[in-house]
Amino acid sequence: MQRIGVFVCHCGTNIAATVDVAKVAEMALNEQGVVHAEDYQYMCSEAGQAKIQAAIKEKNLTGIVVCSCSPRMHETTFREAAERAGLNPYMVEIANIREHCSWIHKDVEEATKKAVILMRAAVAKVNLNAPLKPGESRVTKRALVIGGGIAGIQTALDIADAGYKVDIVEKTPSIGGRMSQLDKTFPTLDCSACILTPKMVEVNKHENVTIYTYSEVEKVSGFVGDFTVDIRKKARSVDMDKCTGCGVCQEKCPSKKTLSEFNRGLNTRSAIYTPFAQAIPNVPVIDRDSCMKFQTGKCGVCSKVCQAGAIDYEQQDEIITEKYGAIVVATGFDMIKLDNYDEYAYSQSPDVITSLELERVMNAAGPTKGHLERLSDGKAPKEMVFIQCVGSRCSDDRGKSYCSKICCMYTAKHAMLIRDKYPDVNVTVFYIDVRTPGKNFDEFYRRAVEDYGVNYIKGQVGKVIPQPDGKLLVRGVDLIDNKQILKEADMVVLAAAIEPNPDVRKIATMLTASIDTNNFLTEAHAKLRPVESPTAGIFLSGVCQGPKDIPETVSQAGAAAVKAIGLLAKDKLMTNPCTAHSDELMCNGCSQCANVCPYGAISYEVKEINDHGVRETRRVAVVNNALCQGCGACTVTCPSGAMDLQGFSNRQILAEVDAICR
Amino acid sequence: MKYSYYPGCTLKNKAKDLDAYARASARALGFELEEIENWQCCGGVYPLGSDEIATKLSSVRVLNEAKEKGQSLITLCSACHHVIKRVNDDMKNVEDIRTRANNYMQLEEPYAGETEVLHFLEVLRDVVGFDKLREKVTNPLTGKKIGAYYGCLLLRPGKILEFDNPENPKILEDFIRAIGAEPVIYPYRNECCGGYISLKEGEIAKDMCGNIVDSAEGFGAQMLITACPLCMYNLKKSTDEALPVIYFTELLAEALGVKGEVDNA
Amino acid sequence: MSIEANEEFKPKIVAFCCNWCSYAGADLAGSSRLAYPADVKIIRVPCSCRVNPMFILRAFEKGADGVILCGCHPGDCHYSTGNFYARRRMTMLFSMLDYMGVENGRTRVEWVSAAEGVKFSTTMNEFVQKIHSLGKNVRLGDLRCRN
Amino acid sequence: MSTLNNQTEQVKEISGVNPLKCMKCGKCSASCPSFNEMDIKPHQFVSYVQNEDIEALVNSKSLWKCLSCFACVERCPRDVKPGKLIDAARQIVIRQKGQDYLSPNEIPELLDPEIPQQLLVSAFRRYRR
């Protein structure tokens, strides 16, 4: 017979304003096994925890129920408190009367009734709880960072500096990511390459860092502390050890018609290429889809001109299998496709470009060598129009529901840079709101208006109308003047929404990390655990978690690194004791449980069984507790009812069902 | 292949040629337009109010008629297409309208948007296929530079009409290519001609049509084609026929070599 | 008695939510203050695949008017494949329950991610409304044996 | 006050539009081909409904300048559809007896021999009960 204590938290007024907490405590005393019940203002506070601990000791409690916030919030807190008072932590159950009750109901009577029922279910469950002991698992002291942009680079550097081995897997031929495509950065107008390339060099030569470029994560298995990952190193067709990076092959390559990914398709590159001059590694790859040698068998120029003999047409993809203790996702973003926004004539006119394309146009290494010119005729523009919020803040199915966060600032940057370098160019920005929270951000935007004379018009653009003479007629609205505006422009720049890299969904699935409807990875807690995935051992760095600018990305990258280091610093991890367990007397060895187990945690042993005096040799299931993650698939599939899940046993869940339906 | 066909009032009167050329072309292309019996006027504009039922019933009747025959319903006039397609969408997706309309109609089997509504152009694109059409052209209109004028009603709201990309359509351009001519793409091709406003506010329509024709001419169009009698009226009237405006079916019939049958009939 | 007949119908609804997605989605509905009726009581399970058909039968046996099972979206299961098992099992179970007299409307499977507080709340509102339209679950008299 | 409220509700119900979804970006007004003819602009329609000033709406010239071209409906990023609000206000006017914008008596002088039937039908539908 259990001796159960029930502790009802007011959570200030969060619970107490809608739930009669005293009544819940009073009702608890009527429940089976309950010998103690009390309510208190903040159970999670030190005083609250002391009350729990005192009651455990004084009343010899064998189990407790805390009626409070979500177990996702404070289950660990209360388990640890109970453990310090000598109670097995798995004898603690939480009744969630805040998120699932007081916060969503208004009527006190109704909410109190529900809270009582939730309390009863938890008491019914804890009556059947048994003490559980976590096992231990080892920690592989190596981290994997997926994505080699500024987020991944920073995370890798921080982990490596702490003395742990880190591998970066980058899909493209070079690390650097989106930041390498930017010309200048706000709010200080630093040259992007000038601040990024030193970091790229640093991470490249760090003794603890291994970089796999032109590579992708192919398979992930295992769990926190002990992941096993297959990395596909795509065939580069160039021997990385022999190549000196002289660049002759790229010069001589006769196939130069492929659109440059790095320059956003605004110009072309050769089939053998490095994305940009400062690429790391400075070793080209052959894009086999555009290479004549691979497509027609005739060519081989690069091989002939390579003094180092580094070209290797026979190279094959290579699979590298490595073990990791922690994985950081830093897969970044791309701009949305503008197929749904043809009213802005993006697909009709080469002079309508996205902001990222403008970065390339403004960049000295870009398609126009840094000269601001129209891509249609190479003429210098006199009138430029920027359109904000293209595809952001939409509740229709054309765009994204969120604010992309960086556009207001980079548009102010572009406007300012253009006015600075080309004072005779007029710049007009159509905006809905200018959002500039951030240190020195609003000042930056105001400088664009006040010092550089950028014309900000509050109102959206309805249509961009290409004219026969090549100009663009922009039809917008000025909401302050209440006028429709027709403005002739030479170039139009669209602040297209950003979205997570489309590959992230595949990666999230491999990692079993949660992802939201916008393809952003979900954090374990929006405020308190913003760089951790709910899946243990998976950490989030950069825009894969939500829109952010460079300073924010770098801080989050550091935070993710610290969390990963905290994990790697441990030698052993406690494993979840809520694992499956088979009753060998009931097991008939049918193998169905092993068939559904996603972890291969179930094996079979031939054992001598004493079944009520009858000794028999039987084949029975055995669960490896280190591998079992406790999903419970086997418990339902088991035809004989031998398999059960500790902590969520059939009897426990049935008791909860009974208590709710009582 | 047999289709139910809804011509609409205007095609029986001021726009007889739009209809006649379509029928002749259909025959030449090997499909048959079976006119719905006793059809009534669609009303010309789609009633936007969510509480409008009675004004949608004539469309429901036509749709149900096609359903009973087991045929898709072909329309030609942009306005009729717009109204019937949207009413069909209501019948399919808006429970309240479906229930109330069916209560009025007292059909043996309730109508729930089963009929497929196709514009004549969609049949050319999706059933006949523009490549096939090109093969059947006997009299290609080589060298003609033609601007397609879409207007509003075929394109918007795009989610319901599902006709083409409402901001950058290409079905008429593809059609123009298929009959051997050269399409002229100009940005005003999906802008409004003024619609019914020309009845009382001729000046507004004049401005709008002026923009359309100027833009088309500026990009080199020698003529405009349309599927809508009202667009044609506005474009002609408001711009003193600066550019010839003709129905796309007339060009189709010409390209297929059946224009004479109609003109001499 | 007439008073009883007029008494408002308060359905008993059991919601099984997986710990990783749907339970977190319900938490988010709570912290976003997205109301749904108090008739819904949530039981936390590690994964939707932990829900044994027996639990659902037991709920109806004990007088539940509706049972809903929520899990991660297909492909997003924390345990990779658990929700696929759940989906298959529930399809079988629900058709059997329908045969036994528990209408299909009283049972439901819904995928709710940790970020979908709004979806959780609207789903629960819809489900409760559906149960209201079906009324009290009286057809299971046989199973309950009136004990 | 109660009748005003009623009219607001009526507009919302007939149009099926939730004006609270509007984020005041003005894309409707930027798209409207009749903008310059209107006294109350498309984006303002939403505010008038929010402020329950239906009186001003039903008396506005804009009701008769909207072309139902659906450009605002197509482009609205918030699914607000100002064109539907305008039509709802127009419905309120023409559903009151004798409030038609077009009377049969004025038709003959507006006619010309080329007018398609479609034009008359549409105008009647939009301007009259």
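The letters A, B, C and D name the chains in turn, as written, and every chain counts its residues from 1.
Just so we're on the same page, contacts are C-beta pairs under 8 Å (C-beta built on N, C-alpha and C of every residue); 3 or more make two chains touch, one makes a residue touch a chain.
Quick caveat, the model's predicted, so the values are computed rather than measured.
Enquirer: Which two chains have the most contacts between them?
Expert: Greatest number of C-beta pairs in contact occurs for A-C.
Enquirer: Could you please state the distance in Å, as a whole number, between where the Cα atoms of subunit A are centred and where those of subunit B are centred?
Expert: About 48 Å, centre to centre.
Enquirer: Between subunit A and subunit C, tell me the centre distance in angstrom, where each centre is the average of that chain's C-alpha atoms.
Expert: Chain centres of subunit A and subunit C, defined by C-alpha means, are spaced 30 Å apart.
Enquirer: Once you find the CA centre of subunit A and the CA centre of subunit D, what distance in Å lies between them?
Expert: 46
Enquirer: Based only on mean CA positions, could you tell me how far subunit B sits from subunit D in angstrom?
Expert: Chain centres of subunit B and subunit D, defined by C-alpha means, are spaced 25 Å apart.
Enquirer: Mind pulling the subunit A residues that touch 2 or more other chains?
Expert: Expected reply: 343, 463.
Enquirer: Mind pulling the residue numbers of subunit B that touch at least two other chains?
Expert: Counting only residues that touch two or more other chains, subunit B contributes 167.
Enquirer: Please set out, as single numbers or ranges, the residues of subunit D touching at least two other chains.
Expert: Residue numbers touching two or more other chains: 71.
Enquirer: Which pairs of chains touch each other?
Expert: Every pair of chains meeting the touch criterion: A-B, A-C, A-D, B-D.
Enquirer: Please name which positions on subunit A make contact with subunit B in the complex.
Expert: 341-343, 345, 347-348, 397, 463, 465-469
Enquirer: Which residues of subunit A touch subunit C in the complex?
Expert: Listed in rising order, the residues of subunit A that touch subunit C are 70-73, 96, 98-101, 103-107, 110-111, 113-114, 117-118, 121, 508-509, 512, 514-517, 520, 522, 534-535, 578, 596, 598, 629-633, 635-637, 645, 648, 650, 653-654, 656-658, 660-662.
Enquirer: Within their complex, state which residues of subunit B touch subunit D.
Expert: 8-10, 13-15, 41, 43-45, 47-51, 55, 77, 79, 152, 155-158, 166-167, 191-192, 194-201, 204, 208, 228-230, 232-233, 236-237
Enquirer: Show me the residue ranges of subunit C that touch subunit A in the complex, using the header's touch definition.
Expert: Residues 12, 14, 19-21, 23-24, 26-27, 29-31, 33-36, 38, 41-47, 49-55, 58-59, 62-64, 72, 75-82, 85, 89, 113-116, 121 of subunit C touch subunit A in their complex.
Enquirer: For the complex, give me every residue of subunit B touching subunit A.
Expert: 159, 165, 167-168, 185-188, 215, 218-220
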